[in-house]
Amino acid sequence: MNSNGFTFRMIYRAAVGLAWLLLSLPLVGWAQPQAPSVSGTLGAVGSDTMAGLMLRLGEALTTQYPQINVQFQASGSASAPPALLAGTTRIGPMSRRMTTDERSAFIERYGYPPLELRVARDALIVIVHRHNPLAAISLQDVDAVFSTHQACGGAEPMTRWKTLTQDATAPSGRIALHGRNMASGTYGLFRQRALCDGEFRPDISEYMGASAVVAAVGESYAAMGYSGHNHLTPSVKALSLTTQQGNAVPPSETAIQSGDYPLSRYLYVYVNLPPDETLPAAERAFLDLIMSAEGQQITRASGFVPLPLDDLEAQRAW
Amino acid sequence: MKGLKSALEQGIWPWLCAGCVALSLLMLGALLALLLTRGLGHFWPSALDEVTLNNGDVVVGEAVRDVPIPNRAGSERLYFTGNRDVDDARWRWVAIDSIAHQTQPAELLRLKRRTWGDFIGYLEAVEVGGERFSGRDALQQATQALQLPAPERARYQLTLRTPQGQTLRQPLSTVLSIEAPNAMHVGQKVRVWATDVWQFLSQGPRAANTDGGVWPAIFGTMLMVILMSVIVTPFGVLAAIYLNEIAHQGRLTRLVRIGVRNLAGVPSIVYGVFGLGVFVYGIGGSLDAWFFDDALPSPTFGTGGLLWASLTLALLTLPVVIVATEEGLARIPDAQREGAVALGATRFEMLTRIVLPMATPAMLTGVILAVARAAGEVAPLMLVGVAKLAPQMPLDGEFPYLHLERKFMHLGYHLFDTAFHGEDVQAAIPLVYATALLLVLIVLVLNLTAILLRHHLRRQRGSEC
Amino acid sequence: MTRIRLFHQPLRHLKDRIATGLITAGGIVVLLAILGIGVFLVWEAAPLLLDGDTASLAMLSPLAWGTLKAALMALLFALPLALGAAAYSAFFMSPRLRSRIKPTLEMMEAIPGVVVGFIAGMLLAPWVERHLASTLVVIVWLPLSAGLAGLVWHLASRRWQRRLPLSWAALWLVPWLIAMFIIALWLTPRVEQAFWEGDLRQYLYAVFGLDYVTRNALIVGLAMGFAVIPSVYSLAEDALTEVPRPLMEGAQALGASRWQAVVKVALAAAGPGLFSAVMIGAGRAVGETMIVLMASSNTAMLSASPFEGMRTMAAAIAIELPEATAGGSPYRMLVLAALLLFLFTFLVNTLAELVRHRLRRRYQRLGGAS
């Protein structure tokens, strides 16, 4: 009984102390200190494809300026425009270009367009299991495999491996499809460029990250999927794409940089920058880092293809 | 025959039921054993193989696993080869039947580096201020230099040679550790294992969450849970006292009690939706509009953050605390209360001096159970404030010290994120196992504490009554 | 003396009043906050329902179907296991063992869903895809092998029977099951060769037209079943142990075997309690988010095949809500899904609670409250 009373008193005192602390902290927090030098919070919301790149850039930035606080949320490119619009972030990395709707919604809300920066080049790859004998696929067949009705002009949907290849060692049965969830920029771009804006088949397994797609395809012999070029691992094989002219283009660095590979693209960072203002120091340091030689080296380390040099020069003038 | 007859008479049903218990135990045991071996095994410095293939290729690395080849007989082995800056890949699949021979050279090294991940190969030479060491001296110099302070270390340059014969130069300042696992004996391996485990617990993530430790996630989880219990304890206890001691014990109170109890069964994601809609968009948005309009469009409280996450989880665990405290209050015999009142105590005095002290262990049990539940909850946090990487802690030396508006890292979300979002799931999987093990251990220890406390409490009550 | 007391008394009473008022206010505020969840969800989802936005509602139907499918698969797997385990530990297990096993199994509940989901999605799913026949054989064979162990036990000599008693079977069956598991894994490829032409998946397609998806309802069922077992077990076990002993003893005195007494008397008496345990389990299975998110294929399809995936309402909320603009129709649709989850679990739990309450009163009438 006695010891109980004692513990209770202790707990009571601790609780009162903590309650005071809790009550006083938000008040103190709202005093909003003026930040000296390059410091502050850098938040970014957007592309999951660029998550690794953004994390690496964030790491590099914090080694340079330890005062900067980096927060990054990656749930897909489609989450960037709403976040920019709602003001939950000022920097929105996107693995595709903003649609006109998203852009005009932004202009309507703020009265100026968002600043658009190209950061690196990337490609969408169609992947199969590493032992799959298939080496190349035409864009029309990609559409036939992934979409419900063939907006690109194909005749029949293809659901089984035997319609795609005659090789005896090829998997038998249905092509097990793997892809991204709707919020992903990869999803949107693949739909636009490979499916000619057609509808995805409903039986594609959806994953919340590109590396999960790659891992799933690497585990299953009958699988086919799509992902960003940076997620390619030796467990899967990236198919060459056969163009209209009939030559198969592999997703190599030169083909991606030059744009010969049909599904190559730019990666973007969108910034909410009012025309008459300058960015806070943290954001500015971040953008400078991206455009620097070090930043482009980091894009390579993240599995992307650096921008062509002339492109980079043009970007630096932001 | 007699046995068979009796078996058919009595039936084998009890055995089937016993099998159910055994099966459940087996599954639980298998899960824990899996987490333990995979989670802790990752840090063990495993041997590095040098494999020469039939076509003359040399592959050097750590064997990870064997799987059967799908379209022909035989199996293949996955090697972790590192050297992503040279090979563009960290992994290599090798068909077992294509291996000509295999050795484990003692000079093979594994370097952990800040960027590009691990290097596996040989150390050619170490250069420092014009001096050049090679051979055995090189390794010794390099390991010693790793202990030096940063500016000293920056003077060292390593020359590395890949197994394929390429050389590359690596400044020592970007190297985190050097190991020669093939040359180590068990004692050394244990030491390396222990330091690696410690680094995993005490350091931040590196190389886009595919390497390094989970300290910010541990810290974020702890801070969030502490904030949550600071919020949930007083309110939960208050509500329990109200329900049990003050409210009129009528039909309405009974309904409310059942309602509160049932909220414990409402899916956590529903609380997440509530937190997002009310705390983040509603209250957070208004706070920003009133106090932080100069910072707009950058949000301060109008985005998920530590405060909103703690509040959401506090709401989620409120029923747990209320139910546990009420249970404790109900166990106190009415004679105790009546005795206190008869001696002239007011209700407040009776509550604070007699009832609450007796109910303290029950309250504690409730809070610990709440903490255990909150530590393992991920779904609502995905909506109200975890971040993929927030190397800056929400608590630091910068005024106002505790940054309630910051996003934070959480062990459970970190697990989900590295397993599904990471750049290279294959590379992150061992770390995910380690994180999972850590999370399970934390939650189990908390639960065990609650169970022991409750047990202790019941025994104590038993002896008193 | 009297002066001092007079001086103190009003203060003490004032303090008491204030404290009581504060506690009342605090308690009511907390209860209102809890109520607020329901109010908020209804408020946000109401415009959608009032507008009669059928397109959004149509999007909900595959999600609702997925939720039901996942919950059913989980219960299919968890219920026999949990109820069997409850019956065994309530009536056959030695009390000493029971006091250890019960908390251990209840511990299972504490294992975070994200860990279970990770193992199911990353380890179990690919393994099952490669060894589908073995998995199905193991699921059927392991429980049966426990029965086989019973048969062998009856045939064994007295000495062995005494050494390995039924009341400790939960422990010594573990190595037996491991052995049976290994035997099943070794044997199945041969059986598969003989009956299903070497590959069960192709056979399934050729004969039944069933396709196989890596992360399917079977995997979700196994993983979520694992998460549901402890809560069902714990509640069912409580209901069974509370069955008044005189009832059981009476039945046995009239010549029933122990198992007959369990089935005919205890299960019948505790029926409502078991029902409420099942309800609680269903509530958990419906709302579990992380396991489904990580172990299913997240395809919003109306398919009844256990080898195809699904997307549940909870998973859809976790995936889509962060991208939905507040106030838009996808946002409202997801809030409506949350409201449905809330209502379903709340009703199911209330039902379970009421049934349990009734049952306890009945036991008291039967005069043997434990």
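In order of appearance the chains are A, B and C, and numbering begins at 1 in each one.
Rule of thumb we're sticking to: contacts are C-beta pairs under 8 Å (C-beta built on N, C-alpha and C of every residue); 3 or more make two chains touch, one makes a residue touch a chain.
Note that the structure is a prediction, hence the values are computed from the model and not measured.
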Subject >> Distance-to-centre winner among chains (Cα means, whole assembly as reference) >> reply: B
**OP:** Using the touch rule from the top, point out the two chains with the most contacting C-beta pairs.
**Re:** B-C
**OP:** Would you mind pulling out the distance in Å between where the CA atoms of subunit A average out and where those of subunit C do?
**Re:** 36
Original post:
Distance-wise, how many Å sit between the C-alpha centres of subunit A and subunit B, to the nearest whole number?
Top reply: 25
Original post:
Residue numbers in subunit A touching 2 or more other chains?
Top reply: 73, 86, 207-208, 215
Subject >> Per-residue multi-chain contacts in subunit B, two or more chains >> reply: 234, 419-420, 425
Original post:
Residues of subunit C that touch two or more other chains: which are they?
Top reply: 122, 293, 322, 326
Subject >> Complex contact set, residues of subunit A against subunit C >> reply: 73, 75-76, 78-79, 82, 85-86, 172-174, 176, 181-183, 202-208, 215-216, 219-220, 223
Original post:
If you look only at subunit C, which of its residues touch subunit B in the complex?
Top reply: 12-13, 15-16, 19-20, 23-24, 26-31, 33-34, 36-37, 40-41, 44, 80-85, 87-89, 92-93, 101, 103-105, 107-108, 110-119, 121-123, 130, 142-143, 145-147, 149-151, 153-156, 166, 169-171, 173-174, 176-178, 226, 229, 233, 257-259, 263, 280, 283-284, 286-290, 293-294, 314, 317-318, 321-322, 326, 334-335, 338, 341-342, 345-346, 348-350, 353-354
Subject >> In the complex with subunit A, residue positions of subunit B that touch it >> reply: 69-72, 78, 84-85, 89-93, 115-116, 206-209, 227, 230-231, 233-234, 288, 291-292, 296-299, 302-303, 307, 353, 356-358, 360-361, 364, 387-392, 398-407, 419-426, 464
**OP:** Name, in rising order, each residue of subunit A that touches subunit B in their complex.
**Re:** 1, 4-5, 7-8, 11, 15, 18-19, 22, 25-26, 28-33, 41, 43, 48, 51-53, 55-56, 58-59, 62, 68-74, 84, 86-90, 110, 129-131, 133, 169-171, 207-209, 211-212, 214-215, 218, 221, 230-231, 233-235, 272, 280, 301-303
Original post:
Tell me, which parts of subunit B touch subunit C in their complex?
Top reply: 3-4, 6-7, 9-29, 31, 34-35, 68, 234-236, 238-239, 241-243, 245-247, 256, 258-263, 265-274, 276-278, 281, 315, 318-319, 322, 346-349, 351, 372, 375-379, 382-383, 412-413, 415-416, 419-420, 425, 429, 432, 436, 439-440, 443-444, 447-448, 451
